[in-house]
Each structure stands twice: as C-alpha cells, then as structure tokens.
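Each of the next two complexes has chain A plus one more chain, namely chain B in the first and chain C in the second.
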Partner chain A sequence: MKWFKRMRKWGLLAAAAATVAALSVYCAQKPSGTVMGSGAEKVYVAPGTYDEFYAFMSGGFSGQVSVYGLPSGRLLRVIPVFSQNPENAYGYAEETKPMLNTSFGFVPWDDAHHPELSQTNGVPDGRWLFINGNNTTRIARLDLKTFETDEIIEIPNAAGNHASPFITMNTEYTVSSTRFSVPIPQADVAISEYAKKFKGTISFVKVDSDGKMSIAFQILVPGYNYDLAHAGKGPSHGWCFFTTYNTEQANTLLEVNASKYDKDYIAAVNWKKAEEYVAQGKAKTWPAKYAHNYMNHDTQTAESEMLTSVKVLDPADCPGMIYYLPTPKSPHGVDVDPTGEYIAAGGKLATVIPVHSFSKMLTAIEEKKFVGEVDNIPVLEYEAVMAGEVQNPGLGPLHTEFDGKGYAYTSAFISSEIVKWKLGTWEVVDRIPVYYSIGHLMIPGGDSMKPWGKYVIALNKVTKDRYLPTGPELTQSAQLIDIESGKMTMLLDFPTIGEPHYAQALPADMIMNNSVKYYELSANKNPNAIKSEAEARVERKGNDVHVYMSTIRTHFMPDNIEGVKVGDTVYFHVTNLEQDWDVPHGFAIIGNQNSELLVMPGQTRTIAWHPGKEGVFPFYCTDFCSALHQEMSGYVRVSPRGSGTPISFNKRG
Partner chain B sequence: MKAPQRISRISTLAMIATALLLLGVFVFPLWVIHLQAPQYPQGLGIHIWINKIDGAAPHDLQNINGLNHYIGMMSIEPGEIPELRFMQYFAIGLAFLAALVAALRRRWALLAWVIIAVSLSGIGLYDFYQWEYNYGHNLNPEAAIKIEGMSYQPPMFGTKQLLNFHTTAWPGVGGILAMLGVGLSVLALGYEFVVRPRRGQSGPDQAPRPVSSRAAALVSLAMLAVLASGCSKEPLAIAFGTDACEYCAMTISNERYGAAFVTSRGRTHKFDSVECMLQAQMPGEKFADSKIHMMYAVPYEFKGTLLPIDKVIFLVSEDMPSPMGANITAFSSKEDAEHVQEIKGGEIMGFDALKVHATQKVHS
Partner chain C sequence: MHRRYLMIVAALAVSTAACEKHRNNSSWSTEAPVVETALVPGATPSRGVGPITYFDVNTIPASRATEGEQLFKTRCSACHKIEERYIGPALSGVTKRRQPEWILNMILKPELMLAQDPVAMELLAKFLTPMANQNMTQHEAESVYAYFREHDKSLPDLPADGSADTAAPEEETPKGPPGTN
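Let's look at the complex of A and B:
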C-alpha cells in the first residue's frame, strides 16, 4: 500500500509537471510566432536605460555626424562638423567660425561620408572620430569626450576626398585620396587633356598622440578616380589599400566611358616604405595652400592657420612603395578582414566578389609576377594575388564588413540585399533583402581586428514606401539586422539624417564614462570670458560695442544696455557661469541676421549683431533652463547714428 | 583627605582612543546633507567639516546656493560662518585634553573632560540646529517662489521633503567618529564611577564613594539626554510608494494627497489622506490617545510637501476624489483653492469645519 501511495504521489507530480511544461511551451511559443514580437524584444531599451552601443553615422550631404543608440535606433545627437548649425551657433559664433575656414575662404557646408573611430592595436578605442569632407577635401576629427568637432584639416592637391579618412591600426595615419583627378598643381588647362595633365594623389595624414593632424606626405599617382580605402592590420599593418576606377581616364560621360575595362586596380601602398623614403629625403616639397583649423581647448576658440607646403613622393623615385592589384569592374569598397590577410573588393559591376590574399601579394611581389607597369607602378598578376572569388554575391556588391567569427557580409546595391559568405571557402551562406538600395553596411567594430558581431546595420539610400510619406523628399534609412542568432533577422528600421554613407559603432561603456558634463569655468581662458557677474560690462571701441555678459539661472547680467547706435557692430560675449550638468543657456536678439547662441556651462561664446534700426530690442534665453526661464530676458536700446547716448548698463545689486 | 584616585588601564586606553577618534574630524566630514530631486537624479550633497563646508561633488555648493535663491534662502558662504574658523581649535583642544586625561589617569580629570566634551558637543549641535533654523526660516521676502507657511529647515537626522528636494541628513564619518570618542569616554566614566567602586577595585586603600559615583553617573546620563534631545519635532517626509498609511494600511502613492502628525515625543505618523488621519484619531481608534504636537497635510500644488495643518485650506468637491473618498483636497493658498473650485465646484473650508465634515463623511 505504501509504495502504491508513493506511486500515486509521484504520478500526480509528474502529471502536474507535464501540464506546467506544456503550458510554458505554449506560452513561450505564442510571442515568438511572429517576427514582430521577437524583434521588438531585441530592440526595446526601456525608458531610463541605456543602449548597448553608440553608433556614429555620417550625415552625407547634411555635412554632420549623427549619434544613435543601438539596438534602439534612438537618435542621441547630431554633431555639427562641416556645416553651420544655427541650433548651437557652430560656424556662426566667433569662436567656431574659424573651424570652417579653407583655402577657398569660409565654406559653410560639406558632404560627409565616412566616420572612422580611432584605434589602438586594431581595435576602436573611443578617443576620436574622424570623418571626411568629400567636396572641399577635408578631414575632421571629433573629440568623443565632448562630442564636438575639434579639428579640420584641408587636403591640398586633391579634389573629392572620398577614400578617406580610413585609419591605420594604431591611428598612426588617417588617409585621403583624390576621387577626381585634376591638374596637380591646379592650372588652367583644357579638360580634354585629362589623360596627359591630370593626376591623382594619395595623402597620409599623421595623427599625433593628442590627436592633432598634419599631412605627412602625398604620393603622386596616375589620373584615375580613387574611391575607397582600408588600412592593413596584423600581418598587413604598414600597408594601405585604395580602389580605383576610371583607369580608362575618361573625362566625360564616365558612366559609360569609365566602365569599359574588365579590370581596374586596387593600389597597395606600403606606407612604412614611404616613411623611409621621406626620411631619406626622397620627398619633394611642393608649394600648396591649405587650411588647418583646430580648437584651442584653453580659450575654447578655434584657430585657423594657412599652411603653404606639402611633401610629395613620386613612385618613380620610390620603388617598392606602391603596387596595383588588378580587380574586376570598377571596384568600390576595399575591406580588410580581422586577421589582416584577406582584402575583399566590391566590384560594383562585377558578378563576383574578388578577394585578394595579402600573403600571396607579398610572394607575387617577391617573385616579380608583374603584368606591366603604369607610371612606374608595377601591376601584379590577378591570379597570383587572388585568394578566391565569391560566386553569386548579388548584384552590385559594394562594401564588406566582418563579424570576427569567420564570416563576411557584403552589401549589394542593385539587388538590395546583404549577402553573408564564409572566408576561406568563399561560399554564400545566407542573404537578407533590405529596403532599398543599400550602400554601406556596418557591424560594430566590423572593419577592425575585433568586431562585436551582434548586429549588422544596412545603410539604405532609398526608402520609397517604408515610412509615412513626407512629400517628394523622403528620409534615408538604417535597418538593424540580428546576426548573432543563426539566420539574419531584420529587427528595426529607423530614419537617418541626410544620407548615411558609412557608420561606426562601439560598446557604450568605452565612451560614456569619459563624457564631459560641463566645462570648468576656472579653466576658461577665452579672452572675452567673465568669471563672475561683477565683471559683466559693456565697452565701446570705435564702432564696435563689446558686451561681456553672464548667464546664470535665471538672468543675464547686464540685462539693460543703452548707448548702442545704428551702424555699430555689437559683440555679445556670453559666458555661462553655471557649473552644473545639463544647464546650457541660450541667447537670441530680435532681428539678428545671424544665429542664436547656445552656451554650455563654463563656456564663452560670441555672436555678432549689426543693429539696423533704432528702437529698444529684447533678447532672451532660448534654452528652457529653469522654472523662471521665461523671465530670463533683457533689452538693448539702439539710438540713431551719431546720437550722444552714452554706453550704460545695469549692475548687480 | 584622600589622594585623587587613578583610573584603570582600560579607561586610559579608552581616552587615548577618544583622542585619536576626535582627530578623525580633520579627515572626514562631521555632517552630510544629501538632496535629491527629479532634475538631480545623482543628487547634490553638502559636506560639513570641522573647518569648512563643501559639496559632495565639485560645484555642488554653488548649485545648491543657486537653487536656494529661488526660495530666498541665504547663500551658504563658508567664509561667513565663524564656527568654521574656531571649532577646529576646540577639537584639537579636546583631543589634547583627552590625551592629558590618559596621561594623568585621574578620575577628576576624566569627569572634568566628559563634562567639557559633552557640553561642547551639546552646544555644537544646538548651534548647528540654529544655523539650520536660520537658513530655513530667514527667507528673503523678494524671493521668486514664496509659499505661505513653508520653511526650508533641513533635517539634522533623517529625511524631509523640501519642495521638490528630498533632503536627508546624517552625521558624516568624522561626526560618527567624534561621537564614538565621546561615547567611549562616557563609558569609561561609568566604569570608573559605578562599576569599579561596586567591585571595590577603585584603589587598594580607598573605599568606594557611592555618593560621588552616583552623582557622576547622573551627570553623564543627563548629558547623554542633552545629546539625544537634539531631535526636532518636525515631521519626517512621506516616502511615496513605500510608506503605508497608518490607518488604512494602503501604500501612500498619490503625492498630491497625504497627511501626518507629530506626537509630543517627536514621532511622525503618516497617512494617505487627511480623512485617514482624522479617522485614526477618533475615540476608540489607534491614535485616540496620542499626544498630538502638530498635524500636517500635503497641499495639492506642492507634491509631497507637508505643510502645518493651519497653513492649508481645504476644498471639498465631489469632482476631486481624495484617496479614502472623503473628497478632501488641501491647498496652500486660498486663491488656488478658489481657482480649482471654479472648475470643479465644491466647498472651501478651514480645518475646524473640515474636522466635522470629514468625520461625518467617513461615518456615513
């Protein structure tokens, strides 16, 4: 009887357990039955919690960089880089205007394509972000402690800085090359003389330990179009690879005339060798005019210098410095895998993805397997350098990123898909459609030696019906795809600013703890700063009136200013005396043909105003700063030209 | 006349420890006040040292002063507080004297030290309370934000809601060390004057002196009482979402309602509504016999802030249901109450009228 009872007890328990198990299976299956359910879970970042990754996306023709959180796709910030930004007076305030200076004068816009994180030992380190200006050939460096543009250097002897600013594995250099070959140095020549007189350059920009950039040397190359680049790493450290197209050297209707040849080239540059040649004095110093702008952190003011010469290396004097690797059909992207051995090219009109082997290339160079020479640059034999070809990779393969687990992901523009293939076997293992017309794609750290292979982001040029329509001009788009759990799964669409070309991402904790909360007022060396309300004053110097103004919750000092006259130039030097997190103050005055100011705590910013008519004009704080924000305002009295109204202003107390 | 008695080795060691512990005030703050508000998720902090006042983080003090100017509080200027200049010499002096007691090993010296130390501690705490009282009550009449009946005196021990700031104060490590030091000396005093005489160890040729030892014990007890009675009769803040109503036992969650009373012994009892508080004081209920020092209610306009009951006015409106259904909403100003009355209807009444209304309402 006893054992029977025990049996019954166990039996009941087992039945209960089975019921619970069945129920839980049923319940667990219900949500995962739809893709929406599981996707929502994977991208949901609850209110008040943080994203796992920072993603930095180029703003394309907006000229800026946008910062997103992943996996939520939440836009965290837009950082002004190459374009003026009236929102925070970047490029309008006297302190930041010099940042947009070039040899052409003040250029308030650019086309920003490729963000690139600084690296240490081939891994993103979270110090800086570099990005190229494609139109007026510039490279900018952003400080990731402040998320501000810290430096912009112009690249001379170049036009269209597209293959840029890809960096070497210890951030020794960031590179640049000319997308459009032009007469170098610039000259008034007939365009039909392209093949004879046009040249290209590849530039290596040295990055100091404090981030400061300087052009180390330029390499003179044949007049092709130089498209994209990536530096070698690990065994291929010391080399950098650049794609070319238009080796046909067409100067009109390139879409046809530059697509004739079966193969164009990847230029492999041995920059360590180039350094030796520079050290040996092989470089010629050419006159050049280019701007170098950088933020002086003490004065919080950008300084601009115009440089006048650059070192140029000619391959004719420098054997072994540069080789051409034949690569099918106008290659676009050139991407080096995490081991540094494989160099994948995106032959945008090719039917395969050609992958070169770095070790085979070294052997081929040693064995002199050359098929010819262009302007003293040896051309290697395709079969001697090729590691493999990925068959059936989709139409229009452009760019490849790596997951660090032996797989590569290539974007295919024409067939609008991402194709996953295996390094070594070159077989396609997975593919996923994207919406629509993908350009770059990005895996966090996916062009480094240590990818965080959790997601791939498709950066799409076309959205058509993917979002609510907004008239003829539609957003471009990013799509987040899970690559961690087997088959690629689409998780999220989110709109982007401008056109997202390339992007970079890294784990949030590599940046977030270094983020500056406010500037130390005591360290503010801006010559127009005031450190207390007691120093607030107004001074006239000829037709210039300087207002040294303070802001603190919740008033300006001074807030009544008289003695300004029509025809004066008034400089408002506004110092935010706050030393508290997230308490910026704004400053705007009616009718100013200029932007507002947004002044961070501890910072000084200056905006100019040309009062054009007499009257009394209010100014106010534009950033809702406290409960009495609406009270934060003041008046400037403007008297007629030549009036005798003396300068006066109110003081505290 | 007998020679002064020597104190035991253990008491000597205690006094050496006391001297060292007192010097801790130069390494750690005496008192710590922490302020938390929605806009300050990390909080702001004030550290009060023996010779300075600074922020828990750089600029905290400046930011607290900046915020305080809205309600008209004086700016906390450490340079203008003379105590910060001379208190340190008292601390050094006390430590020196404690060491001297250990060197002399005389009972009278120990007794004298304890009297001086406890008196100084008491005066110090009272002085601190006075400063807090001044800061909290001496408000600039030109202030941007003025609330009738509201004072901003920070607590000395525990937590208090001051408008949007949840303010918590406790002794800092330096303060705790100093208290431990004084506590040790009081224990030594007890040992020398009560325990040892009873055991007959006070000296080979000395009889116990029960009268003087009892007197000493009384003195030290009295001084301890002075120390302990530093506690004020201000209500403790309601922790919304955590505290439970002491009448209906439900969690107090609606920050626009709530009530509390403080007993004459300084205990705070908290309720989710005025009606619950009144009900709890009815004959036969839990707090029927409580000696009430002061009652408080949360005004609708200032979430979570307790105002004295005579500083608020009540609107009883069917369209403004309160947590226990008596439809009682407190306001800090008559204008606000009238404004809401225009929209929601109902009757405005003072506390006395309300008491009648509330007890009827809940009973019916």
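Let's look at the complex of A and C:
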C-alpha cells in the first residue's frame, strides 16, 4: 500500500498547488474585475446631486435613445425616436404619428445605432443629437432643449442606413450610406444579378442653422456594403470617410463569401468638391419618394411631407470627388483622430489596426499613386497612404476613440478587450478585459477635436454571468473605465436598454441650463388647444366627436360627457393648463385600442378612441399628480348607434 | 382710506443698510427703493414667505385689472372661482382678508408658502389640493392683484380691530359614510 500512500501524498500536494494557483489567478484578476478602494467613490454621486456628464446611448433594436448620467450610470430618461412609445403616446397621439411616416407608410419601429452630437468647430455643442434608423433608412434629429424627437428624414435610393449619421465639424452635413446594395432605382431583378445591377449610395444631408435637414446630394457607388463613417476635421475638414466590406459582391452566405479578399476599401469623399459639382450642374435629378417629418413648434404637431426627387452625382462625371483606400480586412469602424491627420480603421478580420495618413493621401492623389480603378473611382496604393499598423491589437478590432492626449482606444470584439495605443508610434501601451463582446466604445467627445478624456465606456453585446439572470433574455451592458490616471481601471457595470450600440457624451452644463421646464400656454398654437376651462367643450362633426378638454391638479374639464354613439370616432384633445415644471397629466380611457396620453404642462395632445359598445366608460389621469390624483377622473356615456342622445357635457363657472 | 391707510416711509428715512437688506431678500432686486408699507387693518397680519417683502399697492393702477382678469381666466380659473368655492377657496374679498404681499407670494411661490406660512398651511389642510405654481411674473401677479382689488371695491372693509374671522373657511360639518348616520 506504499504506492497508495505516496499517491495520496502527491495528491494532496497537487491539490495544494492547484489551490495556490487558483488563488493567484483570482488575485491577479481581481483588479480588473472588481472596484478597489477609491473606485467606488469615483462613481458615487450622492443623492440629490448631479452627474458630471450626460451620456446618450442608442437603444439599438429598441429604436430609442437612452440618457444616462456619468459617472453614476443612472438612467435619466428614454427618448422615443423610431419606435412608438405607449408610455407617452409618441407615435400614438395624433400630434406625433406623422413623425413615423415613410414612403412605405407608417413604420412603428426601427433599429437605432449611432447617436451623434452636433458640433461647432469640431467640438460637441449640445444643440442636437442625430441618430440613424438602420432598417428603414432614416435619420432623426433630437432637440436637446426638450429631449424630444424633432425631425426624421428618410433616405431614398438606399437600404439599411448603417454608416450614419456622422456629421461634419460644423454640422454642415450629416451623412448616410447604404449598408445593403440594392437595385437603384429599385426594380424587380434576379438576386443573382447582384454584381451587375446592384448599387450603393452615399448621401450628404444638409443641416440648416435651425437644424432642419434636407438631402443635398447622393453619390452613386459600386454595389458593396458600406459600414461606418467619420468626417474629417481640422486639415481633413471637407472630406468624409466610409468603410466598405463585401467588395467580393457576394449575395449569399456573406460570412464566408464576403470575407475572401485580404483588403476592402475606405471611400474618401471630398464633399467640398462634390458641392462644386452640384453647383456646376453635374448632378442629375432622379425621381425618388421619401418622407420628411418635422415638429412644428408653434402647433406642437408633427408635419409630414413626401418629397419626390433627389440630386445624384456619378463619379464618372466628377473626377477628384472620391477615392478608395485599400484597407485590411472587412474594415468596420473608421475613426479620425482629434488632429484630423490619422484615419484608423477597425480591420474586423485583420491582424493589425491599419492607420491611414490624410496628408500622405493628398500626396498620393497628387502623385497619382493609383493601383487601379473601380467604376471611375481611383484606388490608391496602400503603402502610399498608410501611416502605420498597430500590431497585436486584439482579435476583431472594431472601433477607436481618442483621449486628446495622443492615445487611441480600440475595442476588440472577439477577445473582449479595450486596447490602448499611441498615435505615431503605433505601440500598444495598455489593455483591459471587458465583459463581454464589446462593440463600440465611447470617450466623451472622443470622436471630436476636443475629447474630455476622463472615462471610456465599453458597450457590450453579451453579459452572460455579470448580472442576476432574467430568463433567456439578458440585459446588454455598459462598463465605465477610468482613463485619467493613465492605466485603464474598471469602475462600474450598468445595464442598458435594447442594445447600447454607440453613445455620445458631453459635460452636463452644456445641456442642463438650456433645458425647457414647461411649454408656454400662451404660445401654444395647436388648433385644438384650449387656454382656459371656459373654452372646454364637446362638438360633434358627423361621426367624429371632438372633446376639447383641460387638465389641472386635480380634475378634467369636462368630466361628464354624453351623446357619444357606438361607431363614432372620439378625439380627446387634452390641454394641460399647468405652467410649472414636472407636472404632466395623463389620460386613459377603458378599452381604448390605443395608448394613453401624457401631456406636458402647456401642451396639447390628442388621442383617438373608437367606442365599440354602449355603456358608461371611465377615464382617469395616469400620472400621479397630487394628493387627489386618484379623484382625477370622469365618464363618457356611449349610446347605441342611431340613438337620439344629444351631445352634452358638464361645465363650471 | 381712513382705516386702510398706507403709512409710507420714504426711502430716505430708511437707512441704506436696511434698504440693502430688503433688496437682498427680494429675488427681484429692482433698483427702486424698497418702500415699507403698513399692514392692511383687519386682515391676517402675515405678509407670507417669498420674494415680496413689501408691496405698495398704490403703484398698481386700477387699469391693470383688465390684464389681471385675462390672466386669472387662463392661469387661475381652472381652480378658483370668485364667488364660490371650487378646487381652492372663493376669492371674493381676498384683498380685505389678506395682506397684498401674502397674495403675491402665494401666487409667485406657492410651494414655499405651503411649506412655511401658517395661513397657507392651514388652507392646504382644509382644501388638500396644493396651490399650483403657474410661473407668473411679478408684473402678472400684480395685475391679478389689481383684478381682485377692483372686485373687492364694493365690499365693506373688515373691522380694524381684527375681530373679523379671516381664517380659512370651514368645511361643512363632515358627514359619516353611508350607513353610519
């Protein structure tokens, strides 16, 4: 039995060694996964005090934008953009329904990917937030005074608006590019004719001084997939860069067939040159049907117009307007550093991060260092435009943000980490694991000329074991990482709505002081508004019944309505007479196949109701407004079709 | 004006220091010298809590009542009627039973009044719905005051000895729920 004893001895030793090893692994991992000491203080925002930054995160497939405070990670608000929101009647109320109009009709959902703050002189200015609708090719503009969606424009001749809505340094343009090439103009053709008949477009959407968007011109490009974009800044102002993949022009099993070539392209567009060509009349006017929806601030009602043409530039007519920069391999992100000189590509399937030089690109164009041409677009020589390659950048590099101190931070999806590297030397100086599968990352102002390089946020697709389980569907997540001290330190995990695809952030004082507290009742020009209880009334117009109703703490006027009949359409036009901050009133009626209303102070909102059966039906205020909120209610009497019950309603004073 | 006289102490008679103090107390910080006003006799003596320390009602002409009536209609009438109790108390006679400063402070800073002024607190306890802040300017609140004053012109003044009951109007004697007699 000697061997047995020996085995036991060895076994114990082995177990002890394994324990020590496990402990040392645990200890080694601890600093990256756990907040140590002052880390908690760095994200603690005491009750009643404000966060330092606003962060705007896309809701991804929720179609909305979420607003968080940093560094606390507290969710402040969800702003409905592309999806109906029964919580506040966005897309249900008559005043906001037109915002979701498209050439396909009413589209109640989209996939919101990239929030982009407006900029002045290359720095976020806190006026507006733009965001793309990835599915039904749209760009929305949100007003950061009211945190409401102010405008949505559809992009024609495009399918899948992914490389969008990145803006130029003075918000001259927001851009869009088709993710999925399609027949342009759309036509009934065999899918196998992809290479011959499918095209892409790059669109430049003009932004007026009041924010209003209009499509200035589109550029016809070869039928690849266009993925992301960023505009030049400083010396590269006037240019905009777009990544492509699927230069193979595959139309099936793209994961294999669109990953064959060792390089794809970054399209460099000289938009100032494009403007000149438009001015010279080089653009052709194509018929195109697309919706343009915007909030009329006087009537507080969204208006929708269907536009019918767009200007299209063909590179064949416009030499010098667009070039292709070969870039390894299936590049995803394209990010311009704060100086405007370096253009970093997230070479999704590449083993390096290729970084192009803007000045080298200009020289290469001047010296005609072309290796070929695609559909009249010259292809530049890789070595002639490349500034450097970051070696060993992690697996699956996607996106890069900058801290303004000479460093770049790149997300690596497959190896779940952020890699910090130095501009100019291209050496990796730090890396930190993130949990898990990071897509975009964000430094406040990190894609602008003046980053506030205090934090980087990892926007993760997968959380697995990081939070309490919630059934098959788990939250996606953001992680806040300190970058101020030089070494990246994990501070905080917080869950996000939908998919936190990309984000933008800026110091709180650039927005909070402009925040609207209520709408002036005297300026309310909604045709269905009433300015006092004395104007409250009910009117019948054929089968439509219009209820002009007021709310104030804590009653509706009128609150007893009779004379409605089965088969009528009842429009409740509810005006909130309050003139104070944080006093919305709600309105809901039993059985309504529609949402509730949430009416801000001074605002008028309308909800339609189709009473389907006779009876007496209560309505009530849904937003707890005062001690007698529960009493804020009323009744509508519904009589049979053809009944003689006249319209009547109660009224005081 | 034999009982409701206003004892105006000229600005010159007030020390500069006192003047500064009053200005600092007022968020309006007008350059005009603060004029101390006497209490309206017979009314509850509280001037309330808020931006208005002293309000010289003589500076508001009767003509402002028209503007005040319009404002009352859009900003106040959803909760107040003149002659009858509605959500809040009836306002007939309010300029006789309350100090003008109290009225302005109640319009301009109701949250502060309901938290700190005993008369306002008593009113809230009886009416239960807190007075809404309708974000009026001082000018607008003064016009509403002028509207009340014009209405109250025909009413008798309260006895100067303070013997009139100016407390918040009593609820009707509450009855028990059904079945309890």
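Operating definition for what follows: the second predicted complex is superposed on the first by the 617 of 653 C-alpha atoms of A that agree within 3 Å, B and C clash if a C-alpha of one lies under 4 Å from a C-alpha of the other, contacts with A are read in each partner's own complex, and residues count from 1 in each chain.
By our rule, a residue touches a chain if its C-beta (ideal position, glycine included) is under 8 Å from a C-beta of that chain, and two chains touch if they have at least 3 such contacts.
Note that the structure is a prediction, hence the values are computed from the model and not measured.
**Student:** Both complexes share chain A, so when I overlay them there, do chain B and chain C fit or clash?
**Tutor:** Here the two partners, once superposed via chain A, clash with each other.
**Student:** Just to be sure I read the superposition right, which of the two partners does A:Met557 touch: chain B = first, chain C = second, or both, or neither?
**Tutor:** second
**Student:** Using the touch definition from the top, say if A:Asn513 reaches chain B (first), chain C (second), both or neither.
**Tutor:** A:Asn513: touches no partner chain.
**Student:** Look at A:Thr49 in the shared chain and tell me whether it touches chain B only, chain C only, both, or neither; answer first, second, both or neither.
**Tutor:** In the superposition, A:Thr49 contacts neither chain B nor chain C.
**Student:** When the two structures are laid over each other on chain A, which of chain B and chain C touches more residues of chain A?
**Tutor:** C
**Student:** Which partner chains sit in contact with A:Gln593 here, chain B, chain C, both or neither? Use first/second/both/neither.
**Tutor:** Neither partner.
**Student:** Under the stated touch criterion, which partner chain does A:Lys531 make contact with: chain B (first), chain C (second), both, or neither?
**Tutor:** Only chain C; A:Lys531 stays clear of chain B.
**Student:** Can you list the residues of chain A that touch chain B in one structure and chain C in the other?
**Tutor:** Residues 552-553, 578-580, 626-628 of chain A touch both chain B and chain C.
**Student:** Please name which positions on chain C make contact with chain A in the complex.
**Tutor:** It comes out as residues 73-75, 77-79, 81, 86-87, 128-130, 132-136.
**Student:** Along chain B, where are the residues that touch chain A in the complex?
**Tutor:** Counting only chain B, the residues touching chain A are 42, 58-59, 62-63, 66-67, 70, 144-145.
**Student:** Would you mind writing out the residues of chain A in touch with chain B in their complex?
**Tutor:** 552-553, 578-581, 626-628
**Student:** Could you list, by residue number, the parts of chain A that touch chain C in their complex?
**Tutor:** That would be residues 518, 521-522, 531-534, 550, 552-555, 557, 577-580, 583, 626-628, 652-653 of chain A.
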